[in-house]
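Take a look at the structures below.
Next come two complexes built around chain A: one with chain B, the other with chain C.
Moving on, here comes the complex of A and B:
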């Protein structure tokens, strides 16, 4: 799977039926039909690195710290492409470590959204912190977690 | 979000005819855009399509688009536009207090209004905490009042003499529902 830079023609990939701001943006079971799609802004400056897996997903690195060389990772996967999530996450991690030369990637995970935790583990992520009432989902305040991956060698 | 099936969605008019007043359609919604312009302008030709205006059928196109603002979503039944709604934050961001404007076109049966209201509330509370939801309906809006009074809301009172409609002054009836705060 290849990532490439964002083009204006990729705009439809920037929104979808995800929980906003998640490390792995995937459709959530039981989501009411009238819930507005989550969306991220198109990249306009060097504050974020936003790439596209053509037709499949966006991969966004934000909160970039070029001194500590870390970034927050968010991925939004189109519903028809969720089978590609494992490959996409590994591709995003490789981009962060080997193209952007970062040491650390991290992101937010909401367990109530039933994310594929095994996929995160396979890509090198570990749960680092649990934040009580860190998100709102399905009519209630729910726990959110920080998952991080550190570059080894 | 649009609904598609291999055989195409049933027409809204057909659904009403076949299913009567009580069957609910498959709901979806999307932000207003040019693709909905014709359908939305058609809604405002109805004399009682009181969506953010007391004189819908005499409003020019520019004013209708101004009424929609940035927050209006087009409500679709079986993939066809049947109404509009918008949720506004009232007061402070942390107050969990929202105001809802919701209007379905005249062909939609009251059961659809009630169903749409329930779906909007369910979707809103799924993603954010709502402690107070308020609706305002003009005293001259007989259809809106009848349906809103069937939603199980608290009728709080009338802010009198706030608008003019067909030469007379009317007020707005305030309705609300309050949920217990999470903390």
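Moving on, here comes the complex of A and C:
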């Protein structure tokens, strides 16, 4: 699997039935039909690196800090491609570390949305913080965690 | 550049009277003023080392225009209390939560800001991300924040990566005699 830069023809990949702002945006079970899809904006400047896994997902490196060489990672996977989540996450980490030459990647994870935590661990992420009431889900404030991966060597 | 007085939460007494702040650094501020992004960037630059890591920014490596643009992008509110800067950024995914920053160990201006956010902007949950070893950690501890995590190698300063400590507090833990009475959520 390869990532490439965003093109205007990829716009349909930028929205989907996942929880907004998640490190690993996957379709949420039992999501009410009236809930608007989560979406990210097309890039307007160099402040965000927006990549595409063609037909599968967007991979967004935001809050870029080129001094600390870190970025927040957000991924949105289309419902028909959820089997590719493990490979996609490893591809995103490799892209961040070896293409963008970043030292640290981090993202927000909402346990109540039932993300595949083992996949995060396999890709090198560790849970670093648990923030009470960090997200709003199904009518209540729920805990949100920060998971991070640090490049070694 | 514009400064406006935060009249809803103005310190009128420089003497700390509540037990929670008895061991804290004596407050030297008499009021808190809101800064627009350009003024906030200038004050951050003047704060030098104390401003590094403020709301994830770094006035040593980022120029004023970039600082102001980032503050505007984040919808940050920045305030000045004497030499101390205070900041607040809303959590876009949880409207009752705000990210908080401070540049000194004085807890009283921070307590006033938290009271203002609680009573005027309906925030009931607060998160602070503080560089490991930063003086302002004492202010957050005095205001009832507790550590909820460590972000590894989150910053780069003085030739080495540094951790960032994550703190959290809920409304009701920071009230003092001088601040507004927090409302129940």
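Following the convention adopted for this analysis, the second predicted complex is superposed on the first by the 153 of 153 C-alpha atoms of A that agree within 3 Å, B and C clash if a C-alpha of one lies under 4 Å from a C-alpha of the other, contacts with A are read in each partner's own complex, and residues count from 1 in each chain.
In this text, a residue touches a chain if its C-beta (ideal position, glycine included) is under 8 Å from a C-beta of that chain, and two chains touch if they have at least 3 such contacts.
Values in this document were obtained by computation on a predicted structure and should not be read as measured data.
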Note to self: If you tally the residues of chain A touched by each partner, is the higher count for chain B or for chain C?
What the structure shows: C
Notebook entry, point to check: Now for A:34: first (chain B), second (chain C), both, or neither, which partner does it touch?
Noted result: first
Note to self: With both complexes superposed on chain A, which partner does A:103 reach: first (chain B), second (chain C), both or neither?
What the structure shows: second
Next item on the list: For A:146, decide between first (touching chain B), second (touching chain C), both and neither.
Entry: second
Note to self: By the touch definition at the top of the document, which applies to A:67: first (chain B), second (chain C), both, or neither?
What the structure shows: second
Margin query: Output check: A:16 vs chain B and chain C. Expected answer is one of first, second, both, neither. What do you get?
Written below: neither
Check: Taking the superposition as given, does A:136 touch the first partner, chain B, the second, chain C, both, or neither?
Finding: both
Next item on the list: Go through chain A and flag every residue that touches chain B in one model and chain C in the other.
Entry: 133, 136, 141
Check: What residues of chain A sit close enough to touch chain B in their complex?
Finding: 17, 31-37, 133, 136-141
Check: Which residues of chain C touch chain A in their complex?
Finding: 56, 58, 61, 91-97, 124-125, 127, 148-156, 161, 166, 168, 170
Checklist line | For the chain B and chain A complex, residues of the former touching the latter | finding: 1, 26-29, 31, 73, 75, 119-120, 122-123, 125-129, 182-183
Notebook entry, point to check: Once bound in the complex, which stretches of chain A touch chain C?
Noted result: 20-21, 63, 65, 67-70, 103-104, 106, 108, 126, 128-136, 141, 144, 146, 148, 150
